[in-house]
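This is the structure I have questions about; it appears just below.
Chains: A, B, C and D, in written order; residue numbering restarts at 1 for each.
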Amino acid sequence: MVKDSYLMVDAFAQRDNVFTRMDARIKVSLSVLALTAVIALPGFILPLIIFALTSSLMLAVRTPLKIVLGRMLPPVILGFVVFLLMTFFHQGSQVLSLKVLGLELEIYREGLVLGTTVLLRIISSVSILLCLSLTTPVHELGYALLWFRIPRVIVEILLLTYRYLFVLWDEGMRIRQAQAMRLGYPDWRNPAGWKKAVNSTSTLMAMVFIRAYDRAENTFAAMQTRGYNGEVTGQRFKKTA
Amino acid sequence: MIMEVHQVQYTYSDGTKALEGVNLQIPGGQFTILLGPNGSGKTTFFKVITGLLKPEQGDINIEGRPLQEFSREELYRRIGFVFQDPNDQLFAPTVGDDVAFGPVNLKLPPDEVSKRVRDALEMVGIPHLINKPVHYLSYGQKKRAAIAGVLAMKPGIIILDEPTAGLDPGGVREIMQLLVKLNKKEGISILMATHDVDLVPLYADRIFILHMGHILLAGTPAEVFSRKEIVRGAQLRLPRVAHLAEILANRDHLAVAELPLTIGEARKMILSNVNGDVDAYGS
Amino acid sequence: MIMEVHQVQYTYSDGTKALEGVNLQIPGGQFTILLGPNGSGKTTFFKVITGLLKPEQGDINIEGRPLQEFSREELYRRIGFVFQDPNDQLFAPTVGDDVAFGPVNLKLPPDEVSKRVRDALEMVGIPHLINKPVHYLSYGQKKRAAIAGVLAMKPGIIILDEPTAGLDPGGVREIMQLLVKLNKKEGISILMATHDVDLVPLYADRIFILHMGHILLAGTPAEVFSRKEIVRGAQLRLPRVAHLAEILANRDHLAVAELPLTIGEARKMILSNVNGDVDAYGS
Amino acid sequence: MHIQDGFLVGKWAVAWYGAASVFVAKGVYDITQRTQKVMAYKPLLGLVSAAVFFISLLPIPVPVTGTSSHPAGTPVAAILVGPFVSMVLSVVALLLQALFFAHGGLSTLGANVFSMGVVGSLTGFGVFWLGRKAGLSLGIAAFLAGAFGDLAVYLSTSFQLALGMPGVHEQSLLRAFLTFLALFMPTQLPLALLEGLVTGGMVTYIAKVRPDILRKLGVVEDVEEGKN
């Protein structure tokens, strides 16, 4: 499934290189700074420069093209739609008018500028986040967030979610496959099949939820036997050389 | 051949090469065991041959036809897959509903559906549990219910991923006897994965040893376990009685013509040594 | 006695009577195995003696003091509990963080914490995985990491629920050898549950058979397995070599003084029969 | 439906952060209070959060466009753990999605939390609560909660885009809003219906199989539904 490519990003962030070794707090700060600049400042130059930088970083760590395209394409396509909308519908001084299939399309200068700005902003901000996630394991990000005074509760739940997403993911996929093998997901282009697929999906959701609930009981017990006192990430274990 | 697999490769998206060119042939009607250590690719292989994962490379033929030519429905009428954890597989609230799930999806008439449900539960020996909620079943009963759900599709091959894992000795015996019955009486081909070495010689017609995504050895239990070094190199071991016989042969120089794999074979071997009629035994 | 349990009863809220008066004594420093079929109450019993479930009735003494007098912290400095599914237990994102969880909660100074983490990982043989996210570990590595998390609390007793379930023969041997090392070298008392009968005689000093919430038998492996009928009645079986010896004794009238439980013992028994010096062996 | 980085101008990105944080703060406060009394609450939330996150990643078939899309998940989370806690879970999910899935973004996190978390949870929970008061069955109430919750997310996202996209609403806010509404209509309307269906189905299933869970979470008070 598509989501496999998401998990690929996680696997990629585990590799060892200059960027993964860098302190996560620095990477987060740089990313936030770059994002702010891209979004707050006008003009084409800055987003282009940043995009060039992030691209070369991704090249340097040899990111597979599959990951980059998989993650860049959807927002870029959406951005392109917006770009078209803006260029055609934004009022202002006309640059060009086209006749397509008897329809008169007018392109306005302001719209073109705006559309391009938005498109470039999207491309470069997605690439910034991509770089961050390709070089930083989520648990490191979690601890960086703590340092940035994000409420502890949020970070703790985030880390538990990250940890157990993989466990539940495997379980959920197995249930889904077991359903598929007994024809629980027939072709949903006909009404009966569609109903079945929706039914199977809601059963799957409920089963995963029930599993999660039961596992929480055991996890809590395991925490208790190791002196749990209400804090899940009491203190980060320092990396040792 | 009910199944032929040729040079199948599969790599997970994180880069793990789980299968690196698996070849095997399974004749119809046999009880086949796939033996392999943790992480050798057993589950991956089963998912590939049941069409749940697409191999990057290789051919799979079921009953002589390429796998990809089958529609889902055709395929799952032929192949049933029992997952390791029965909780993954029992999704309806009651046992009866769950077993009916497949037949209903096959769009069988209601009479036929309820006949199949009753027959399947009868075969696995839990007809009385038909209206029980699934989560009140014991682990062994869940295993049986999961097998019944697959049986109700009337497949020609049943594939089971570690069907005895987590069961006590009594439960193991019951499940294995159930599988033997399905194999011998109903003529269903059985293909199961396990790493319980002692089970193999008791039940398997033919075994395959999978290790790091390769088939290391194939053949009858006697053929495979005679290659002791290879078996041990694959994080496996010999059946306990075979290990005993090996020590008796190597260190104590008893006469061991062929390594005994079951208690019955070991008994014969020891008796012939005790009685001194080694020739009679060797024949 | 490091642990004394007297008439412990436990009933789940749905009315299941899981423990119906369990009695046992465990001397310090021993390797104790609790053997019981599925649903006999092993997991429930472990949760009761680790204070996770409150028994309705009965007394539990740890190191001579009643369980309820211990504060949580005191208790879990003495008793470590390794769950069956390592995923339940490894909740931190990386191995190092997880192992550190206990020591941090004990409010040890950071230096001591990291020393304990390194020592514990060293003991279980995975020091190199310290910074690995848990979801990249294999099943066997997860088991080890879970044990390390408990070891870092430096408990006097470690209780393990089916530590070998789901592992291949190589993995079983590794984990069992690790436990023996912890028991013999570090002097930690081990109490583990299993239904793998063949493991018992190889490792246990003392075993208890639990069946339907009762202790059926207690004693050394030799004592317990000599009560064959009771063992079989509890959905269990004899170790395979014992079964072989039993057949040789009963049907073939070989001289079997004491039922051999391990391959070594069986070898001696067979040799003495082959060589005819039954008396020498019997002594 | 997530707004990507770059779609909102700076001042609106900041404004939505502010608006969302008020609500999230209440959720964080609730959790902290609750954990002090029930220590098991935090691991429970961690697991529930992972389950809801998984649910929001599941593809569900949308017949109109012939593609599949994803449920928001916040309505059902709000039903199960309450609206404010559900908002915190949505922060976690959106942060994770932004960081390692590149869905949504960091600058638009506030806006996304507001629409998906705050609006989705409050609507979902409100509709469910009203439905139950009105005597609807668990399944129907959950269906309505899912459908309206999803619709509300869609409306608020369109509104946020209309307001915050550079230069879009200079002529007419309403027109921009309607444009976005129309743009997302083909997928979002059926998706709302679907989210309702799967939410209703999921809650009904849990009530049938494990009513004890719903009782413990306080979703149902007594044993009316789903007795085995």
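By our rule, contacts are C-beta pairs under 8 Å (C-beta built on N, C-alpha and C of every residue); 3 or more make two chains touch, one makes a residue touch a chain.
What you see is a predicted model, and the numbers here were worked out from it, not measured in a lab.
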Pair of chains ranked first by number of touching C-beta pairs: A-D
Gap in Å, rounded to a whole number, between the CA centres of chain C and chain A: 44
Chain centre separation in whole Å, for chain B relative to chain A (CA means): 40
Overlap residues in chain C, where contacts from two or more other chains coincide: 91
Chain A, residues touching no fewer than two other chains: 11, 138, 159-160, 162-164, 167, 203-204, 207, 211, 215, 219, 223-224, 228-229, 232
Multi-partner residues of chain D (at least 2 other chains): 43, 46, 205, 209-210
Chain-chain contacts as defined at top: A-B, A-C, A-D, B-C, B-D
Touching residues on chain D, where the partner in the complex is chain B: 205, 208-210, 228
For the chain D and chain A complex, residues of the former touching the latter: 4-10, 13, 28, 31-32, 35-36, 39-40, 42-55, 57-61, 63, 66, 76, 80, 88-89, 91-93, 95-96, 98-102, 105-107, 165-168, 171, 179, 183, 194, 197-206, 209-210, 213
Chain A-touching residues of chain B, taken from the complex the two chains share: 12-15, 47, 50, 52, 72-73, 76, 80-81, 83, 85, 87-89, 91-92, 101-102, 105-106, 149-150, 153
For the chain A and chain C complex, residues of the former touching the latter: 11, 14, 137-139, 142, 159-160, 162-164, 166-167, 215, 218-219, 221-229, 232-240
Complex contacts: residues of chain A adjacent to chain B: 4-5, 7-8, 11, 171, 174-175, 177-184, 186, 196, 200, 203-204, 207, 211
